[in-house]
Structures are given as C-alpha cells and as structure tokens.
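We just call them A, B and C in the order they show up, numbering each chain from 1.
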Amino acid sequence: MMKDLLWKNITRLREQSPLVHNITNYVVMNNTANALLSAGASPIMAHAHPEMEAMMNICQALVVNIGTLDEYWVTSMKKAATQANQLQKPWVLDPVGAGATPYRDEVLADLLKLKPTIIRGNASEIMALAKHNTTPTKGVDSSAESNEAVAAAKFLIENYPTTVCISGETDIIINHEKEIHLSNGNPLMAKITGMGCSATALVAAFSAIIKDKAEAVTSAMALLGVAGELAAKESKGPGSLQLNILDKLHNMTEAEFTSTLKIEMKRG
Amino acid sequence: MMKDLLWKNITRLREQSPLVHNITNYVVMNNTANALLSAGASPIMAHAHPEMEAMMNICQALVVNIGTLDEYWVTSMKKAATQANQLQKPWVLDPVGAGATPYRDEVLADLLKLKPTIIRGNASEIMALAKHNTTPTKGVDSSAESNEAVAAAKFLIENYPTTVCISGETDIIINHEKEIHLSNGNPLMAKITGMGCSATALVAAFSAIIKDKAEAVTSAMALLGVAGELAAKESKGPGSLQLNILDKLHNMTEAEFTSTLKIEMKRG
Amino acid sequence: MMKDLLWKNITRLREQSPLVHNITNYVVMNNTANALLSAGASPIMAHAHPEMEAMMNICQALVVNIGTLDEYWVTSMKKAATQANQLQKPWVLDPVGAGATPYRDEVLADLLKLKPTIIRGNASEIMALAKHNTTPTKGVDSSAESNEAVAAAKFLIENYPTTVCISGETDIIINHEKEIHLSNGNPLMAKITGMGCSATALVAAFSAIIKDKAEAVTSAMALLGVAGELAAKESKGPGSLQLNILDKLHNMTEAEFTSTLKIEMKRG
C-alpha cells in the first residue's frame, strides 16, 4: 500500500517537475542540480539579495543548506525563507556541520526561528541542532547514537512546527503524526560528497507536490536510498557510483523500486 | 563544404587551445572547465575585481554567464566585458534565467549596453531578453515558440551589433549575414545541468580563433550537438551521458562528425 | 623499502581519516572533496570569517588554493593559515595561476610570509612564485624548464621553511633533507580540471598524519599518479578518466601500487 503511494509520488514528480530554489553550498551545487533533474524536478540556484523574494515567488519549494555559509549568504537564506513562509511554500533546512563552529550554531538558531517546514541532517547534525536549541533533558541514552538522535529529533518537533529526517544507515522520518524507518542505501554512498545534500534537495522537490510532509520526505529518501542501493551493485567505487545514482534516479522502474524498498511504519 | 570547414575549425581549436576567461555560475564551473579542456581549449575562472583587466589581457575570449549572479560578480562582469571591448576581444553573454526576476533583467540590460559579441540562450531566455530590451512589435506569432524566439533574436540583432544563438531541439544561429540551423543532440541532454553553459563556453573558445562569428558559433554548437547525440547512444541516463559527452568532445573523429551533423544554411 | 613505507601511509590514511579544511576554488570543490573521500580522508570546505579559527581548531590540516580568490576569501585564507601556524598544524599552499595577474602575485607574497608547510604547483607556477618572491640569481638555466623549476623550488626552500612539490610529467618533491622524483600518471590527466588541486588536497591529508613532509608529499603524489595511470588504461577520454581515478583512489590494492610506482630518491 505505502509502496504504491510512494511510487505514485515518484511518478508525479517526473510529471509535475516542481521548481526548487536552492541556496546551497558550492561543493554540491552541480550534483544537487543533477539529482533534481534526474528525478524529474527543476533546479534553480540563486543567492543575490535583490532577487531572493522574486525567485521564491516563482519557485514551489526552497532548500537552505549552510555548508559553505558566509554573512552574505546567510542574509540570502533568511530573505528566501521569510518569503517562503509568507507564501506558505515549504522550505527545507540542511544544517551541514551543525556543532562544528559557534558561528554555524548561531546561524542555525536564527534559521530555526524561521520555522523550517522540514529539517534533514545526519545523526550528529540533528543532535547538535537539538543540543544548541533546546533544553537538554535527562534520560537521553548517550551511549546509543541512533536513540540519542531520535531523542534530539523529538526535541525539535516538540519545540518547532517541523518534520525531521535523520539520515544514515536507517533513515528516520519523524513528526507529530508519523515515524517511518527506511533501510536502503549502501555504505559506499558515504564516500561521495553531497549525498545528504542531494537528499535534502529531493525532499524539497517532493514537499512541493505532497501535502503530508512525512510522506514527502519518505518519498524522497526512499527514491534516493533505492537508487543508491541499485547503483552500488554496478559500481567499482565512489566515482562510478555517483553517476550510476543519477542514471538510476532517472530510469528506475516501479518493479525495481517496490522490490528493493525496505520500509517500516513505526507510528501513524 | 560547410561540414569540412566546421571540422577544420574543431581541429584548429585542439591545436591552438585558446585561453578563455569564464565569469560563470557556481553550478557549472567544473563541467564548463572540463568541456573546454575536452574540446582542446584552456579555461580560466576568475572574478576578483583587482585582476579583471589583467586577466582579460592574457585571455583570448570571455564568457559572461549570470546564472548565480550577485552585486560583486556583476561588477566583475562589467569590468571584464569593458576590457574585452577595449582590446577588441570577443565576449559571449549567457543570459541564464532572463525574465525570472527584475534584478536579472536590469543586469542584462546593463550588459547588453556593453555590446556582447555573441549571445547564447534558450528560446525563453532570448525572448525575455528581447522583450525587456526592445520595443515589442506586432506580428510576432506568440503561439509558435520557435518562431517567436527567432523574432526576438531578430530584434536583438537589429538593436545590438551581435550574433544570437537560440539553442534547443534545433539550434538557430542568426546575425545580419547568416542564419544557420543545426538539428543534432538528444533530449536527455536537458537532464544534465549546465549543458547550455558548456555550449556558451565552447562558443567563446571558437570565437577566439574564428573571425566570422556565425561560423564560430556554428562550430561550437555543431561540436556539442554531435558529441551529445553520439554520447547518448551509449548512456543509460544523465549521469553517464555527462561523462560520455566529455569523452566524445575529446575523441570525436572526422568521420563521426561529418556523418552525424545535420546542418541547414537558411541564409548567407 | 620506500614503496612499502608509502603503501603503509596510504593504508594509514584510510584508517585515520584526517579532517582537512579546504579553502579552495569553486571549480574544483566537488572533485577535491571526492578525491579526499575516495582516498579515505574527510573534507571540510568553509570560508566564513567568523568560523575560520574554530574550523581550524577541529581540522588536522589546511589547504589554501587561490584559484578563484577575491578579497573576502583572501582574508579567510590568512585567518586560517595564521591559526594553523598557531596550532602547529600543517598547511599547504596551491598557487594556482601564479604570475597570471599582479593581484595573484601580491596575495601569494602575503601568503608566503605566513610560511606554508608545503607548496604544490606546476612548473610555471613554482617559477612565477620564486621570481616574484626571491632575488633571482645567475646560473638558472632558462632554456630547460624543468631545471628552471627546480632552481625556483630551491630558491623557495632557501627563503622559506617549506617543502616544495613541482607536479608534472615528473613530480619533483624537494626540501632541505630530500629530493624525490615520481614518474607516474598519464597525459590525459591534464584534460581534467583540478587534478593539481586534488593533488594538493591529498598532500594536505597525508601531511596531517606524517611528520616527515617530503614523505607526506611523496605519499600523496604517488597515490594520485598511480591511480591516474591505472585509471587511464580503462578510460575513453577525460570524462571517464575523472571517475575512474576516484574509483581507483578508493579500491587500489598494494600489488597495483607497488608494481606501478616509479620512484627515484635523488637525495636523502
């Protein structure tokens, strides 16, 4: 049932080709744009202050990825996110390197105040985001990282109106209504820069066409996880994997998707 | 005859390896540089204000691509284009996203005043550029997009001393002397980010070594179109297509080129 | 003996995965990050002034590559290099385009004053760097480029406490204690943008885990040269070569490495 729904969403993305505004980092701009195109969406990358509002007006979703942030770009991010909120368009925060420097944490605190529709990061980023922006509670099992990240995600959804995705060996999508676990992918994906950033961009693309945000995030993460898992089978290393993933995002069939997807509805 | 001439130009590019200064967008810098290298040219990417004149002095052509423009970069573009004019070196304008925001249109209006030697864009960009910068005339058939784009190109060449290339399923090269149509390529090329930007960079490279600008543009578009068409035959998706195009730009033979090229001289 | 030591270093890089801070150019950020990941290191790219010190605190080595420099980025470079010195962490200077413009040469003069642990460039960059920053002596054989570059490298190591790597058909690693020549690679590598920048990043990664800097540079250059040479055998052009190198950095075996490496200890 859920598999059918997710595949239908993947098909809809190819048909509707939503326009996604990306304020993202220099390292991944090229593969992020290519991942969006391969999946059927349309990317725009822009950051000039005088066009942030106008750009948001014509796009259907926004990515804010702080990977290579600086003062100018942070202002761009805030302008675009504010306009996205104004227009009730979804925006997705990718807190790259959260916890690495005080500056990142300050910027992330400001961005959180602008209420991202969705937050996607790895376990350590989600934990850093929660640690810096909520009052830590007792009882968090610091010895079990995935449990701790789930606790951090719960802090975030309690304090902000958002849906959180913790990506990793198991992708965990969590909000007040749902908790969904996905177990696709391949360890070699961690040897390609910007896989997480591509995930965030795909999350934004699906959030543009799907109202239920947990479902939107799940569609994106399922598509990328299955693509990565299938692509890894025919890859000799990270170089060939990168292009095989783009190929697979483009040419994946329903049979491939439904026979490969490993999904578990924990709640909702 | 024309095929022989174009192939000779492709060979000359590999031999002469002109130095091309690129002020282009972050998304495509890597593949633009690689496309230039694969075709035999030498890329330089720079934007610092204190070195724009000095850089133009040592380069043979300039690309101005506004994809990820901001205030600092716009100044870089104007400095480099002004110096190119001063030295009578060709410069090519790629009006990425023309019409998307008022800021882009204002910047493009300023850049047009600096008289680009060549303008390359897709149909909607060329139409937006003409709409914003010329008085629209009656009689434009708005129901037929390619006709409308040709009309827009004609506006531009009437108002500015330039050669226009509308790229798409058919690439149309047009100036006062000539109109040439090319029909190579593959729809999958639209699923790779920055194919148009690579086209623009190749146009600049050929314009550095060929006096007749319609011929220079045609050489570039023919090379890329044929490379894309041949590469698509051995590609499973956009990821493999991207690298196969680079390979083909590098290893294309005369037989492959002349047997694949579809060219029509409409005028001149 | 030396071959065993270099292979042990390559294995150690995969195990220890040092964190490398890269202030590098837009063109190569993606492939630099991927080269580091493929070889087993961990890349960070950042440039915001407020986080340069904090970022250097958590990284084990720094790359300063001036390819697409501007005023803001030059300040970032100086902040990070100063902090690297403060913490006695190695930093590597890649003088991209040295000699191309007066601005580059001025910036490089400032960066040299901050005493890079290692400098890696091609022959013309090393010569431009020496010409601009030392008093030229007589006796330099200007008719033999590689000899001239070695003379330039010797000027640099006499005037600055550094190790110099001149990369090219033969890679020459030179400091007060040692001179080592490596003769791997393939001419097609020159048709991929940023191969030198990837080399510099790998040099930084090895310098983070190896005390003897000539040995660190040799490990990096040997790994990349052998990877390029092996990858070229199965590549049809620059596009496939780029990804095959990433694959080979990741999956190279000891047998491949030791049977392919061509190394000559000239001194030390």
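Keep in mind that, in the parts below, a residue touches a chain if its C-beta (ideal position, glycine included) is under 8 Å from a C-beta of that chain, and two chains touch if they have at least 3 such contacts.
Because the structure is a prediction, the values reported are computed rather than measured.
K.L.:
Under the over-half criterion for shared residue numbers, do copies subunit A and subunit B use the same patch or different patches to meet?
P.N.:
different
K.L.:
Quick one: how far do you have to rotate subunit A to sit on subunit C, C-alpha fit, nearest 5 degrees?
P.N.:
120
K.L.:
List the centre-to-centre spacing of subunit A and subunit B in whole Å, with centres computed as mean CA coordinates.
P.N.:
Here subunit A and subunit B have centroids separated by 34 Å.
K.L.:
If you look at subunit A, which of its residues touch at least two other chains?
P.N.:
Touching at least two other chains: 26, 30, 242-243.
K.L.:
Please give the residue numbers of subunit A that touch subunit B in the complex, ascending.
P.N.:
Listed in rising order, the residues are 26, 29-30, 33-34, 37-38, 43-51, 54-55, 58, 72, 242-251.
K.L.:
Residues of subunit A touching subunit C in their complex?
P.N.:
Answer in residue numbers: 25-28, 30-31, 67-71, 97, 100-104, 190-194, 235-240, 242-243.
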